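Same chain, two partners: chain A is paired with chain B first, then with chain C.
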Partner chain A sequence: MAEYAKYVDVTKCDGCRACMVSCKNWNDLPAEPEDFQGSNQSHAKVTANTWNVLSFIEHENASGNLEYLFRHSACFHCKEAACVKVCPEDAMHYSELGTVVVNDEKCVGCGYCVQNCPFDVVSLATYKDKHGKEYKKAQKCTLCTDRIEEGMQPACISVCHTGAMEFGDRDKMIQKAEKRLAEIKGKFPNAVVYNPPGVGGTQTIYVLAEKPSVYGLPENPKVPTSAVVWKDYAQPIGKMMLGATTMAVIGAYISNKIFYKEDEGDGGHE
Partner chain B sequence: MSKAKKSTLQVRRFSMAFVIAHAVNAFAFFALYVTALPMYTEFFDWLYPVLGGPENARLLHRIFAVLFMTPTFIWVIFDPKGFKRWLKELVTWKKRDLEFFTEFVKELFGFKFKHVRQTFFNAGEKINSFIQIITALIVIGSGFTLWFPELFPKFLVQWGYFLHNVGFGLAIAVVVGHIYLSVVHRHSSPGYSGVVTGKVPAWWAKGHYPDWYDEEVEKGNFPDIDHNGNPKGKKGA
Partner chain C sequence: MVEMNINRRQFLKLTGATAATLAIVELGFNEKEVYASSKELKIAKSTVTPTICCYCGVGCGILVHTKNNQVVYTEGDPDHPVNEGKLCSKGTTIRQLYTTEKRVLKPRYRAPGSSEWVEKDWEWMYERIAKRVKETRDASFIEKEGGIVVNKTERIASLGGAALDNEETYLLSKMMRGLGIVYLEHQARI
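Let's turn to the complex of A and B:
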């Protein structure tokens, strides 16, 4: 199956926030009243009910001038996603399109994904069941998997009026990003294409005007080492050890039945 | 597998404080195990409805977590002497402790073994104690980071998952052996009453922990017995 990606050229973004509105609208997400963030930014970061946030960064560039940097921020849809790795219920999974999505039926709201996401994107939403009892589910951007499956563009991209975002074949989007990078290097010498290899590459390909850290992004994000040793080693070895000691005691029991002689044990207790 | 001719004479091995601490520890351990099992293996997802849903399972896990931290305090507060003896035994290692293990393996599988004199706790019990102390510290320590992630740096929370998993995996593996030896194994199971009533058969205590038994005889606490548990020089008693 072809791989898709969301292309985001932050240098073309004018900060209109239509992507945020469109996302809320399509995904039927409730409004979240927020305190003043100290800038034009509406929310501190993405949340369980606000799947994309336009971040406004006031940055002093090398020549001492103010640079007003905008970035459409949402789930990166990592190719090797830490959230998928740590999910104990297989709720966080890769869709057929390769997007990272939550299966609400399976999610138990444990929050392992929340703590292990290298981009701090996943959060738990609190709901109430019909008895008034609260329960939690992990929520985040789905890359509008439901729309893509119907042959539509993700909601955020469909409304972008400056052409800062595009959706399509992943390789083409990477090429487009590289081409765009060459165009803007003169104006933004620190510009980079952000497609971090530590998480197997992402399905959001960014053209950033400045270093990732300027945007509050990790320079070298990766699946936490702790998550790898936990899920790939500790858990299977732990299960094997329990099996091993269980086998040992069963072996001991059987062996006693076969080899034990009454008189030998007499007075020989340790 | 005590024989008919063994005496029923019993001696006190553990204080009631220890018995209670041990019972609380065992109950909390398994309650924690069951309430977290569906998180460990999807195979046990059917436990969620039994436990009242994931939210409730997490709440129960936290309640039992608090309970799991109490046994040490129960023992220290109500039986400081017994607790001190345990610590002292744990740091005392002699040649006989190493000899114990080669004989133990033979004994475990039902082969002919020889008698290695032990003190209050044998070398195997000391190893079990060490593993449970270490794993309890790991599990409790990492439990705090998982319960209150907002109070700790992110890397500690992330490593907390790993440590919680390792600590519990090691503990449960050892517990299987511990329980087998206490309730099934023919030579050690007579001592099982030690964690229920605090008392054990005198012949078994003398056979397993001769140094300790002789010491108590010298102090005048225990009667001197033959290897069937009958007091020497007297009949019955």
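Let's turn to the complex of A and C:
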């Protein structure tokens, strides 16, 4: 299946926040009123019920003037996602479209994905069952996998009126980003295309006007080494060891039985 | 030996049932297909009604998806020439105009000097408005000003909202001019 990607050109964004509302509207997410943050930004960060947030960054540019930098922030849908790597229940998985989604039925709410996400975009939502008992499940942007499957665009992209966001074939989106970068280099000399290789590239291709760190993004995000060590080495070896131990126990049990019987045969009743 | 009295029909039924059982047991039950059909797209089978956004004078086209008389989703109308499927953040919230608990469903009247809102029916409202308009117009009507016929009233103003379309604003202005109202304002002026 073709690989898709979300293209976000922050230089075209006018900060209207329609993408935020559109996401809530499609996914039926409740409102989360937050206190004034001291800036024009409505929510501090992406949460379990607010899957994308438009960040307003007050940046001082080279000529010493204030520049508002907007960024539509949501799950990046990494090609080698840390959350998928660390999930012990295989709840966090890649869909057939390559998007990173949570299987609600498998998720136990352990929060490993929340701790390991290099972009801090996964959170736990708290629900109540019919007995009033609370339980948690990881929630985040699905890149509107349900819409894509039906041939529609993700909700946030379908609403964007400036053309700052587009959705399509990943290679084409990368090409588009490179082309746009060349166009804006004159105005924004620090501009970059953000598609970090440390997480295998992402399905969100950003054209950023400044360095990623200005936008609060890691310059070189990676799947945490501890997660790789644990999942790719420690766990398989551990499983092997467990197998070996089990076999040893069974072997010991059988041999003991034999010896016991022999003892019994030799010694007779006491 | 047990004699088997099976006619042709029974034989076919039996073999059919065996084949079906085997098909399920042997080939397995397609879990994915069942999952896909159980999680239907939320706007599948919804009734789509086009409308115009009521919030500002731009007049963006909106598609309202309804199911069982409930609004399940609203989105920009891709075929509308004004917005081509796009919407602003406020226009995107339009579903809440219907779903919110704060929505006023019946006309309410607050008498002069009163602090209480009283629910009234539309008939009562229309009559009340007509009566008050007539009273004010009759009391303030100016026929001539500086020797020129003006036939106007300066005590009534008309404010139109963004939800009004071209034809409605036409009718409204005709009616207001007919009453002699000169202060006509519309939100589309923004």
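As a convention for this text, the second predicted complex is superposed on the first by the 244 of 270 C-alpha atoms of A that agree within 3 Å, B and C clash if a C-alpha of one lies under 4 Å from a C-alpha of the other, contacts with A are read in each partner's own complex, and residues count from 1 in each chain.
We adopt the following convention: a residue touches a chain if its C-beta (ideal position, glycine included) is under 8 Å from a C-beta of that chain, and two chains touch if they have at least 3 such contacts.
Here the structure is a predicted model, which is why all the values come from computation and not from measurement.
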| item | value |
| --- | --- |
| Chain touching more of chain A, residue-wise (chain B, chain C) | B |
| First, second, both or neither for A:226, with chain B first and chain C second | first |
| Touching partner for A:39 - first (chain B), second (chain C), both, neither | neither |
| Touching partner for A:17 - first (chain B), second (chain C), both, neither | second |
| Contacts of A:147 with chain B and chain C, given as first, second, both or neither | second |
| First (chain B), second (chain C), both or neither touched by A:136 | first |
| Partner chain(s) touched by A:159 [first = chain B, second = chain C, both, neither] | second |
| Residues on chain A lying within both footprints (that of chain B and that of chain C) | none |
| Complex contact set, residues of chain C against chain A | 39, 41-42, 73-76, 83, 85-89, 91-93, 95 |
| Residue ranges of chain A in contact with chain C within the complex | 16-18, 20-22, 25-26, 28, 146-147, 150, 158-161 |
| Residues of chain B that touch chain A when the two form their complex | 1, 3, 38-42, 45, 48, 53-55, 58, 100, 103-104, 107-116, 118, 122, 149, 154-155, 157-159, 161-162, 165-166, 168-170, 172-174, 176-177, 180, 184-187, 204, 207-208, 227 |
| Touching residues (chain side chain A, partner chain B) in the complex | 86, 88-90, 108-112, 115-116, 133-136, 224, 226-227, 229-230, 234-235, 237-239, 241-242, 244-246, 248-249, 251-253, 255-262, 264-265, 267-270 |
